[in-house]
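Following this message is one structure expressed as structure tokens.
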Amino acid sequence: MSASFERGMAAFREVMDSPIASFFSSCVHCGLCAEACLFYTETGDPKYTPIHKLDPLKRVWQQEYTLLGRLGALVGLSKPVTEKELEQWSELVYDSCTLCGRCSMVCPVGNDIAYMVRKMREGMSAAGVAPEGMIGATQRAVTLGSPMGVKLPALQAQIRAQEAETGLSIPMDVQGADYMVLLSSMEVMNFPEYIGALGKIFRQAGVSWTLSSKAFEATNSGIQIGASDIAAELVQRIVDAAEGLGVKTVISPECGHAFTAIRWEGPNLIGRPYRFEVKHILEVLEELRQAGRLRTQGCDERPLTFHDPCQIARRGGVIEQPRNLLKSVASDFREMEEHGAMNWCCGGGGGVSANDRAEELRLVAFKRKKGQVEALGVDTLVTACANCRIILEEGLEHYNMDVEVVGLTELVAEHLIEDDK
Amino acid sequence: MSAMDLLLWSRGPGLAIAVSIFAFGVVLRLFEIYSLGRKADLAKPRVNTKACAGATVWRRMLPDMHILRRSPITYVAGYLFHFGLFVVVFLYAPHIKLIESTLGLSWPALPSALVDLVAVLTLISLVVVLVNRITDPVKRLLSGFEDYLTWAVTLLPVLTGYMAYHHLMFPYQTMLALHILSVELLLVIFPFTKLMHAITLFISRWYNGDIAARKGVQS
Amino acid sequence: MAKLNDIAAIPIHPMALPKAEHAYQAPAILQQLLAMLGRLIEHDEPDSIDLRALPLTEADMQSLRELLGEGEVSGVVTTYGPSQVFETGYSGVWWVTHMNDDEEVIGEFIEVTYCPEILVSPQDDVREAREALRARLLQNQLDY
Amino acid sequence: MSEPDKSLFDLLAQRGVSRRGFLKFCATTASMLGLPPSMSSAVAEALTQAARRPSVIWLSFQECTGCTESLTRAYSPTIESLIFDAISLDYHHTLQAASGDAAEEARAQAMKANYGSYLLLVDGSIPLGEGGAYSTIAGHTNLSMLKEVAEGAAAVVSIGTCAAFGGLPMANPNPTGAVSVKDIVQDKPVMNVPGCPPIPNVIVGVVAHFLTFGALPELDALGRPKVFYGDTIHDRCYRRPFYDRGLFAKTFDDEGARNGWCLYELGCKGPTTYNACATLKWNGGTSFPIQSGHGCLGCSEPKFWDGGGFYTALSTPIQPVTGAAVTAALAGAAVGAAVAFGNQSTKGKAKAAHTKVTIDDLEKA
């Protein structure tokens, strides 16, 4: 079997549910979702209006799931969706949507547009119109265990380096540990200090934790490309490892969509609830801080702000925790005007960062974040998502801005009180 | 057919037909929507979502201030004509009488002159909405025949009502008949066009609020 | 039907007398009279208002009468029922009420003129009167 | 009998009407005709010029004699009655002294003598059911009599709602198959003077207009003289300001009713009824229904008897809609269930056809 238009159409039919039918029934074409989408606000091109990106899905719904649409189709009044259209829509559904969900927050009739784009990608990927870059990343994730092709030996090498630097030992495959930590390839390759930071924090807090050699990768390309079967396979690896080790809690790394994949979509993908809990690393850190087990000293005095990763804040509900943590280690924390649940995306979420052909558009969309940072006059940007971090760094560099990007976990780790070793 | 015949038809069989199609259509559409079903969410929710979903239904009545600044015409004209329609439809004495006679519910009316003024504001804002739809690139891209049809069918009852009240163009009986017929047209197309949003927006907001609230976000 | 005997017990509420605030049209009519007086003075154009063509309340009529008042001249023209004519407190504004033999009002006007036409002796009548008088004198001469 | 060489003015003079009296007559006639006071000189001129004393034939069909009663209640016996002195009412089987063959003979004579110029006044509707057997006069059906008399008429005036629009006899279920005059007479000018009954002054007024100006007055779309039927009762109602302020009597004995508030909610049909009741009033200008505390029934409009209850507001449906709506909703549920079944099957088929997507399925072959 291979991807085909028919498989795509069948997938559209399969994903249709009551919320989608209600959303399409409610849309009054007011166009306000455009004003919430950075791809529209930064380009001014109306084709980037979020609801417009769903046009083929809407027509399938109308023509196949409403009486009037069926009658219309019978007498030849409706325009059937064509393969060519799906190819055209590929750019709108993949390149110009980060699934950030900002449109879903402002729609006056309450349509969750991001929910529908996620569903629409099921059909788009089945029809074979997903971007090459994302297909490649997905294939690597399944065959190699990581979209970036990071294998266990690479991780082990990074762990050894961190152990050397911190003088701590990083636990691996510890049966019965309380926490199993997941990582994203980007952290492994680009920000290995995250692993060291975790080691320091957990040592101070006295937490029993472990990594798994069978499942350390938390990112899930299946979610981004919209192939639930593949996403389920990737989630299953983690579930098997966590349940095999008998951990109580699995910790999602500082990566937005990984959190969505493992925390919110996972149980639905594998078709059953977990026998463990899933928490984002920031939730765990804030719990430890509140319990007095995470003690810090000193404050970073640089003016800094926090970039909310969409999937962690707006689509993940982790909003207060990073602020509490940040305030405990920074004295000049400034909020962007629109933040938390109404933050603006960096432009690289939802698989856009893995999609080479979207790069130019993504850098145009970055102007929104650039403007937000400039308005605050800060020189440090804290965030909690490895993907955001890379996109922010690229964008800042592209626009020649002298702003440093820091991971929140590492920032917290830097201010840990050094206990007797 | 005399004006009186037309009026009697519109007040009698016409209304019965229109209300029947409306009731038929709305029930059918609700079946269509709910029959597609929704998979139970197996992920452990952060909070009990019912109250939050209900809150979203109400919260979406208010604009996001940043979006309001970006698109003031959509909001101001949109609010104005929705508010105007509400006043004209539900606070004008003859309309209340109609509701009372069919549903048995009644409430005090506003002075006719005030309703008249609101009707004018409604008409103006509807025209603004149309101009905005034609000139704004986003709205123009999204708009099709249905959008212009529903606009016209929404405008007509207000316009004919205003004209009947002021005895413009046709004798009162004819104008009143046209007014009632225009409302009947609205009822007939309501379930099968985006006018249905007046009902489904509550369902949509509920779903939206529910999806967000499971994750601990008030949307 | 037994209740029919209680018919005397049904309360009867006489309608309240019209109140001054129910005089909706009177102010508008006064405005109109002002304009009519202007045209009479400047262009010598008399005019009148047909009160029965207007939807006036009793209160309107009453307040109009009170506001206009009564002036120096009043009289009755008796022809096919009486016609009452009086000048209001405002010179040039006359109130004319035509009645039939049964004294039912068949026409009611406010006339803005120097003298209502019905009071002026018709030229033909004056001419006939001269002839009649002349004939009478001629008769008298014969008699003497 | 008739003196066709004499003008109305001459006739009046003959009866001792003075020049002042004539002036008064013209002023009140203009007022009655709904003309502005300045038109009274035009009336005077027309009357002095006019030299006619037309024959009038009055036919009564399916009616209650209310219209004739109304006519005889026109201000008596003075000025307007002179108009009737000026016409020759040659046949009116209720009012005339002659009866039987003599009466019918008078009609035949009048028709013969004035063929093509007489005015035909009709009250009552014409039954067509059972070959017209429901109403006959001297062995003639109403239909045949109307056709016969209308043929030689200069114009026809339908007096009352029955003649004008079918009225009560034509009301649902219309057992006699009643129709209006206009349904029968289509080759003559027909003027409608509806009302149940029409205001007496209006009957007199339209005849006066015919006498004065030699023609029917300007008519509206329903064939009614605009001077009397140009405005709705509602437009000319002294209670209108209460409507505009939203003050309505809720029952016939509440505070609002006592304060003279608008009767809209008590079923007043004033807004859709064109007539002169609110200005001309009844009983010599004494009052009219709304002034006496009752809503307008809309009696001068077509189908007023079938237009919903007299005591239900104009904006309410005239037939219940709840039953139809419930039935329709049930039908919607039934069709909805069928569509739901279809949707489930469409979705089910898509699901059944689903084969697990693997990484090899992401690209087209």
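Order of writing sets the labels: A, B, C and D. Residues in every chain begin at 1.
One rule holds for everything that comes next: a residue touches a chain if its C-beta (ideal position, glycine included) is under 8 Å from a C-beta of that chain, and two chains touch if they have at least 3 such contacts.
A quick note: this is a predicted structure, and the numbers were derived from the prediction, not measured.
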Practice item. If you tally contacting C-beta pairs, which comes out ahead, A-D or A-B? Let me know. Key: A-B
Study note, to complete from the structure: Distance in whole angstrom between the CA centres of chain A and chain C is 91
Point to revise | For chain B paired with chain C, centre-to-centre distance based on mean C-alpha positions, whole Å | key: 56
Review point. From the C-alpha centre of chain A to that of chain B, how far is it in Å?
Key: 38
**Study point:** Computed distance of Cα centres, chain D from chain A, in Å
**Key:** 76
Exercise for review: Name the residues of chain A that each touch 2 or more other chains.
Suggested key: 16, 65-67
Study note, to complete from the structure: Note: chain B residues in touch with at least two other chains are 28-29, 32, 34-36
**Study point:** Residue numbers of chain C (touch at least two other chains)
**Key:** none
Revision key, fill the gap. Contacting chain pairs, sorted by label, are A-B, A-D, B-D, C-D
**Study point:** Residues of chain D defined as touching chain A within the complex
**Key:** 335, 339, 342-343, 346-347, 349-351, 353-365
Check your understanding: Any idea which chain B residues touch chain D in the complex?
Key -> 2-5, 7-8, 11-13, 15-17, 19-32, 34-36, 93-95, 97-98, 100-102, 108-113, 167, 171-173, 176
Practice item. Write out the stretch or stretches of chain A touching chain D in their complex. Key: 1-4, 7, 10-11, 13-14, 16, 64-67, 70, 125-126, 128, 130, 135, 138-139, 142-143, 225, 227-230
Point to revise | chain D residues within the chain B interface of the complex | key: 220-222, 232, 234-235, 243-246, 248, 264-265, 271-272, 274, 301-303, 306-308, 312-319, 321-322, 324-333, 335-337, 339-341, 343-344, 347
Exercise for review: Sort out for me which residues of chain A touch chain B in the complex.
Suggested key: 16-23, 25-32, 34-36, 40-41, 44, 46-47, 49, 51-52, 65-68, 104-112, 115, 263-268, 271-273, 277, 313-319, 337-338, 341-342
